[in-house]
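Right after this note come the structures.
You will see two complexes here that share chain A, one where it goes with chain B and one where it goes with chain C.
After this line comes the complex of A and B, so read on.
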């Protein structure tokens, strides 16, 4: 049988880290992370010599340059120049679009693997710890310190009476993190207006006609 | 490369193989006048052949241009018997088609009843394709009708289209590939579901697919013709102002994306006010027009840029059109031809 054991303190910190990580991902949003990763993947891979990606980045920087030029030109005074820049811009955009379409499958792959990685890093360890260390005692309470039913509760599901197990630890870490998130986010939220009492004289009574 | 294309529509008039000429541009730039002029010149150049001028603009003005009432049947122009005109409202043709379908299929519980309209609503361009096919069918019918009573076959050498300002009638040209794919799917579907549908009592509706197949065949046929520069050309009409030029540029790009041949631009309503000392406004406006003309000749150096003057009155009636349209072939010279401006008789 494979044996895998950790000191209670290590276990405690590890679980805390994993839950914190999970919380951060939850707050930032999986989609944002995927988008960000795809963008940085594009940049890095483009520099490393991914031909399509470097082409796209070249083209889009060129398009940006052309757009700036076009904006600097007065359309009415230098119509020919402006239109030529317009044509160039449209052409570049069309080319970029086509290249991007070609990359769609690659993007889907990257996004999929990243999603999988995130799930593996967050969900899997928690379930593993829950299962593997279901009997591990993280803390001991002084005997008879709490009433029996509460001690029993702290020991859920499989911990000896008088000990505190992973389930309770995860629960408390999660609630602390949620409270922290709330405390940090709270000042930035748009305030809700205080409801004022309705002026009775301005309310018209709706008569039901039956 | 230092050769300039002549600033006339001569190449179009002389091109013997042309079957379709489209005239398009934004509203108010003189599309109808230009298309009538092109038609008149073609009819004058080839008196032995028949020509047909069609307006697909719901706001019909061919009748006004020729001072003669036209309808959806080809009617010869008085004073120019080898040119016929007709005014078709594609939308009306379309609703006719739908009405026909509704009459044909009067089972209220038929799930396929609304299929045709749903289909036409769901794919951009198919609407235009259908209405354009109706127009073409109508032209074909004209030919057949004309054949039987007179017993001399009327076949039009060239058909000139005065398109609606939106020019969207041609949007379907970008779609043959999409349609092909779609109809391929439908064919599969009808093959697979056919027996089931006939069990459901929808046997006669099988020909919805038949109709669509027919449509696809027609569209690709027409597409082939329209993208062939020997058979079809497009004449853009604009005025020498920023927005008009901008729209023209957009239109040319769009047409090029459909692989249509565009090689002529008619710049209308020019003032040629160099020697007009009395009219300051004309002079300054002509200065502005010249500014855009210069820009255009730089931009469209491989196009025929035809410059047409703004006249004193509206150009109406065959005789006036003949006079005006002459300058589509020989460049207008304000010094020598200045009398044209006031020559037009009011009708």
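After this line comes the complex of A and C, so read on.
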């Protein structure tokens, strides 16, 4: 029979880390993480010799150069040169767009693997721990400091009196992380100004004028 | 000019006509009508009245109340024109009696515009149409004011909800600070005040001495903070007329609209939701205590 055991302290820290990681992903947003991963992948894979990505990278740098040249040229004074550069720039943009469309399936693959990785790092461990360590005591409370009902509450549902199990620990960590998220995010929220009431006398005045 | 009723006028007109027919020269009159407007008088029709051999009443006395009628001659002005002019001239008031034809036309107008006019029967349909148009324009202006009011109410609700959130934020800071300060004080004040991964440390500490300093302080601070929050938030919600940001209350108010019996329980449910909010804050603070004990167990 397979035996898998962890020290209570190791289990406690692991669960805390996993829940913290999950909360960070929630706050940052899965979409933002996917976009960031795809951009990093494009940069790294391009440098490592990925054909399409290196071609896109080359064409993008060329388009940037042509754009700078076009901006440096006056359209009124050197119309022919400006038009030529403009046409070249548009052509490069169209080629880059076409190459990006070709990469769509590759992007979908990257996103899929990223989603899988996030599940492996967050959801899977939590479910595993809940099943495997459901009766484990993560730590014991100091005796005499908390009354019996509170100690009983902390021991729910499977743990002895005075001990804290995985269920209560996960609930407590989630609750604290949510409160900390609120504490950190709220000061950065845009404050809402008090609206000024509608002045009905002015509305009447405007009506009569009209 | 004598004021004659329309019926009298009609009777007079009939008598005059009869008198003209009795006077003869029907063919001449017919040809005059047919040649009207023609430069060449070419009409040579014969009136059926001249063809007809039957005796006509010619000597019957004809009453002539209108002075313009001179014997056998046609009157100076057309009686039909007079009749029409009396019919076309506007009545002195909307409630004056009208000719049947005009009243038919009025009836027709009323049927067409009756839905829009709110003034009842007897009104001039054009006037009622103008009134209804003015009422519509006033309603449109009222709608604009209504929209402005709605926008103001929405913005005010947003502002009040933000204020409530700000209140919760402040109380969360106070709660967490009070719990952490209380915990840290007892952590440094007592060597046994910490969690442990080992069961024997709990057994060893079971000396029968109960140190309730931490919990008493915790409960006292929670009582003060949470009761203050309850009072302040209730007052704010009542004064700022915030119905609720709670899903349960929204469901209950929707159910009350459908099932009136639910309205009896609505105040009780509102009170329970308030207490639930406070209870969830207490549970959150206990969770913080558990996390702090857990962190001290790995130190």
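Methods note: the second predicted complex is superposed on the first by the 178 of 210 C-alpha atoms of A that agree within 3 Å, B and C clash if a C-alpha of one lies under 4 Å from a C-alpha of the other, contacts with A are read in each partner's own complex, and residues count from 1 in each chain.
Just so we're on the same page, a contact is a pair of C-beta atoms (placed from the backbone, for glycine too) under 8 Å apart; a residue touches a chain by one contact, two chains touch by 3 or more.
The model shown is predicted, which means the values in this text are computed figures rather than measured ones.
Asker: So in the superposed three-chain picture, is A:183 touching just chain B, just chain C, both, or none of them (first/second/both/neither)?
Answerer: second
Asker: Chain B or chain C: which reaches more residues on chain A?
Answerer: C
Asker: After the superposition on A, what does A:8 contact: first (chain B), second (chain C), both or neither?
Answerer: second
Asker: Which partner does A:129 contact after superposing on A: first (chain B), second (chain C), both, neither?
Answerer: After superposing on A, A:129 lies clear of both chain B and chain C.
Asker: If you stack the two complexes on chain A, which partner ends up touching A:87: first (chain B), second (chain C), both, or neither?
Answerer: In the superposition, A:87 contacts chain B only.
Asker: If we overlay the two complexes on their shared chain A, which of chain B and chain C does A:76 touch? Say first, second, both or neither.
Answerer: first
Asker: What residues of chain A sit close enough to touch chain C in their complex?
Answerer: 7-9, 12-13, 16, 137-147, 150, 153-154, 162-164, 168-169, 171-173, 175-176, 179, 182-183, 186, 189, 191-195, 197-198, 200, 203, 207
Asker: Quick check: in the complex, which residue numbers of chain B touch chain A?
Answerer: 242, 245-246, 249, 253, 291-292, 294-296, 298-299
Asker: Quick one: in the complex, what on chain A touches chain B?
Answerer: So the residues of chain A touching chain B come out as 75-80, 83-84, 86-87, 90.
Asker: For chain C, which residues are in contact with chain A within the complex?
Answerer: These residues of chain C touch chain A: 141, 145, 148-149, 152, 155-156, 158-159, 162, 165-166, 169, 172-173, 176, 186, 192-199, 201-202, 205-207, 209-212, 214-215, 283-284, 286-288, 290-291, 293-294, 297-298.
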